[in-house]
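I'd like to ask you about the structure that follows.
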Amino acid sequence: MNFRRFLLVLVPYGWLLALFLVPFLIVLKIALSDTALSIPPYTPTLDLSAGWAGIKDFFGALDFENFVFLTQDDLYWKAYLSSLKIALISTLVTLVVGYPIAYGMARAPQEWRPTLMMLVILPFWTSFLIRVYSWMGILSQEGFLNQFLQWAGLTSEPLIILNTNWAVYIGIVYTYLPFMILPIYATLEKLDVSLLEAAEDLGCSRTEAFWLITAPLSRSGVIAGCFLVFIPAIGEFVIPSILGGSRTLMIGKVLWEEFFSNRDWPVASAVAVILLLILVIPIILFQRNEQRQRELEQ
Amino acid sequence: MAQSPSSSVFAPWDDPTKKPLIRFEGVTKRFGDFTAVDNLDLHIYEREFFALLGPSGCGKTTIMRILAGFDPPSEGTVWLDDVNIAPVPPNKRPVNMMFQSYALFPHLSVYDNIAFGLKRSPMPKSEIDGRVQEMLRLTRLEKFARRKPHQISGGQRQRVALARSLAKAPKLLLLDEPLGALDKKLRNDTQFELMDIQEKTGTTFVIVTHDQEEAMTVASRVAVMDNGKLMQVATPDRIYEAPNSVYVADFIGDVNIIEGNLRPQEPGKVLIDWTEGEAPIRAEANGGLTEGTRVSYAVRPEKIAVSAERPDDRANVVQGKIIDIAYLGNISTYHVQLPSGHMISAQMTNSRRIERRDFTWEDTVWLSWTDTAGIVLTQ
Amino acid sequence: MIRRFSWFNATSLTLGFAFLYMPMIILVIYSFNASKLVTVWAGFSTKWYGELLRNEAFLDAAWVTLKVAVISSSIATVLGTMAAYVLVRGGRFAGRTLFSGMIYAPLVMPEVITGLSLLLLFIAVGLDRGVITIVLAHTTFSMCYVSVVVSSRLVAFDRSLEEAALDLGCTPFDAFMSVTLPMIAPAVISGWLLAFTLSLDDLVIASFTSGPSSTTLPIKIFSAVRLGVSPEINALSTIMIGIVAVGVIAASLISKTRIARMTRDEQAAQQQ
């Protein structure tokens, strides 16, 4: 390996080691430390000047106390469960909303498709925060949705949607919808029309042809879309804190409050470690789906 | 160029005093468990138009990439002008390559593509334009100098790729399936153009192709490859008329292969017993073959005559029934079944119009060929 | 699929795009509302835009955000392009698996964890929080996005073009600069734009890594909207949506005309 190539590998590698891997190891270390009223607010701190004894003391003082604490206080496991539930429900709703849109795009005349694609991608480039915020004015008690419902005579009392889990579901579906549409559209667009014609030729009705041909062949897109919504939804912070209420429990919000309000760094770190462990499973499943898709295409 | 005293034709490979330009010595290339090139020895001479011919995956492209410097050999040495080229990186080799995909730089004009290599050579800036113009003239691209690659046709792109790789006047030009992307008609014209340019510039060409007709047309010598090994290296006519193995005979053109047991006769003559009820085949073969050796007898369809009457003057005569006729315009191929079940193809030129053809399906005909028409193969 | 575009398809597209765009359209319309009450229309006015331009705190935050976005996306583009090249063309080297893992992990890592871990690192090494720490944090996660965008282009790119450059006498570095880079330039540019918008947009990581003197615009917006809907934020949002819309539409028009020209040229070349 010559020097130039070495440098080419070393610079990005070193950067990621220093600013991605090392910070994560620090989180792990602090998760195993104890809370202390000091700066930084945890013990032990590694004292290298004490030599080998310092290192031994350091590792001796680490323990799983914070993780035990997480299992004892039901706030945490409720928050994990609630995050999973919210992410799961929103993912399913996003699928139900997104699939017909992707399907309609794939069926649209060829010359419309680039424009439709652009319309789906455009929100990506728009501030996430602003897109979430735009629902506040719609969902509030005197908001547009309630104005419309009362005008239409569907309700007499304004519905309370903002600051409930309902608003969180709407927010997640809205902001992550493009993540669902794009992979499904990609698989539907590649679908060979003659397959459907063959199915109908062999006696299927249109509906049967959809369930027997289109649905199974778009499975990988559906799986990819679901993971792309589910994975970030679990750790979501912005949506529950803007649209959700004080009773909306999501783990991202708990971590934030643990850190900023309670200043309990070791517990916040332990929450982060568990969150990551929960995410490992869907991430591995997602990777496997992508891998299989790539192999099929070759 | 000095010619050998014995002949006036270009045949440096027959002249022991000539030194080859390229020498492969025991070259092996492995990719993991796969051996792409297996212990290869090969000499290529200056001014040769050398073709590497074989099916895909036979290792011909690997040989080319070893010469260009993109893949180092796993074992063995490659000498170019008595220099071991293993440590020389591709950008320092006096070798240029014309890529199968042409690899024209899409962001540069035709002119800049051709000048690309020259700008990176020691050639003074003032001479570059002259050289590029010369290349444009050679490949008849003067009108297209300012165009980008996507603004010209496939045939023109092929010529730009050729001009670009020739511009630096390399000692050796490698051509990877240079005509593969062209349609049949254009390919034939371009073959002759390539030969013409090779002659004009005096560059040594090594061409990789899977098209046997193309290799036979352009090359001074052809190397037939299979599974990383050289099967035969010879001039096109030798390859066709005197293949050294069933593989080569079968790969180049159509051939009837008949298996049988050898019976040596007077020196140079042999008989082959091949089936019950038929006379043994008379053939010529060199000595060293023993009685009873299992051999394959190869005879080309166009060497076999078809007639209604039994000819008296031919060494080999068999009778059979026409099963199928393939009409190819200038020639027709007759597939004839013998009483023993053997199928033999024979070719006749169609000098008459089709409705006056002599033979038709189900006709019983005589097939005949001389004792020098076929060749006895032991492998 | 080219087939019967049914009423069902038309309806789902109409409703779907209405859902995607209605909230933003309402936001834009009501940014021109004269009333302080954001859900009651009281006539057209641009006064909130005026208020916004006189709000020093917002302007400062906007300046910090822009500075961070330009610097971090530029560094991220260089690092991400290098990383993509190493991943696609680098062959095997020790620790390649860890390297590709570190490229893909930040894409799925919850922002709260990335933010928390970087903050703890900055505290551990005693780096004061400010513009520099935000830049470091943003560079780290956006270089991964750049590298994914650039490597997908590199994978699709005909390797023989680079080999041809080497064959014609380029050093590997020269080949990269004169052939590879011009070819992957569109991906590098979109990588930069992506890194830039990610940085502009980021609230969570910036909240962890910013100091008191380096508040970014999303942090400012977040603390304002927690108190409720405000017409000033509507005006600010409208400006941001407008910039993005103009940018994306212009970019797609440019690429559309370029593709059209390419196809026309190619057809003309075939007819010669």
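As written, the chains take the letters A, B and C, and residue 1 is the first residue of each chain.
The criterion applied here is as follows: a contact is a pair of C-beta atoms (placed from the backbone, for glycine too) under 8 Å apart; a residue touches a chain by one contact, two chains touch by 3 or more.
Chain identities (UniProt): A, C = Putrescine transport system permease protein; B = Spermidine/putrescine import ATP-binding protein PotA.
Just so it is clear, the model here is predicted, and its values are computed rather than measured.
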Checklist entry - Which chain has its C-alpha centroid at the greatest distance from the C-alpha centroid of subunit C? => result B
Checklist outcome for this item: The chain whose mean C-alpha position lies nearest the overall protein Cα centroid is chain C
Checklist entry - Between subunit B and subunit C, what is the gap in Å from one C-alpha centre to the other? => result 55
Item to check | Geometric centre distance via CA averages, subunit C-subunit A, whole Å | outcome: 18
Item to check | Gap in Å, rounded to a whole number, between the CA centres of subunit B and subunit A | outcome: 60
Item to check | subunit C residues counted as touching two or more neighbouring chains | outcome: none
Checklist entry - Contact residues on subunit C for subunit B in the complex? => result 158, 160-161, 163-171, 174, 178-179, 182-183, 262, 265-266, 268-270, 272
Checklist outcome for this item: In the complex, subunit A touches subunit C at residues 1, 4-5, 8-9, 11-13, 15-17, 19-24, 26-27, 30, 40, 97-98, 100-101, 103-110, 114, 116, 118-123, 125-131, 133-138, 140, 142-144, 147, 174, 177-178, 181, 188-189, 191, 193, 196, 231-232, 234-238, 241-242, 252, 255-256, 259, 265, 268-269, 272, 275-276, 279, 283, 286
Next on the checklist: Under the stated contact criterion, what part of subunit B meets subunit C in this complex?
Outcome noted: 68-70, 89-92, 95-97, 99-101, 103, 105-107, 116-117, 120-121, 148, 150-153, 156, 164-165, 168
Checklist entry - Which positions of subunit C touch subunit A when the two form their complex? => result 1-6, 8-10, 12-13, 16-17, 19-21, 23-24, 26-27, 30, 38-39, 79-80, 82-83, 85-86, 90, 93, 95, 98-99, 102-103, 105-106, 108-113, 116-118, 120-121, 123-124, 136-137, 139-140, 143, 147, 172-173, 197, 200-201, 203-204, 208, 218, 221-222, 225-226, 228-229, 233-234, 237, 240-241, 244-245, 247-249, 252, 256
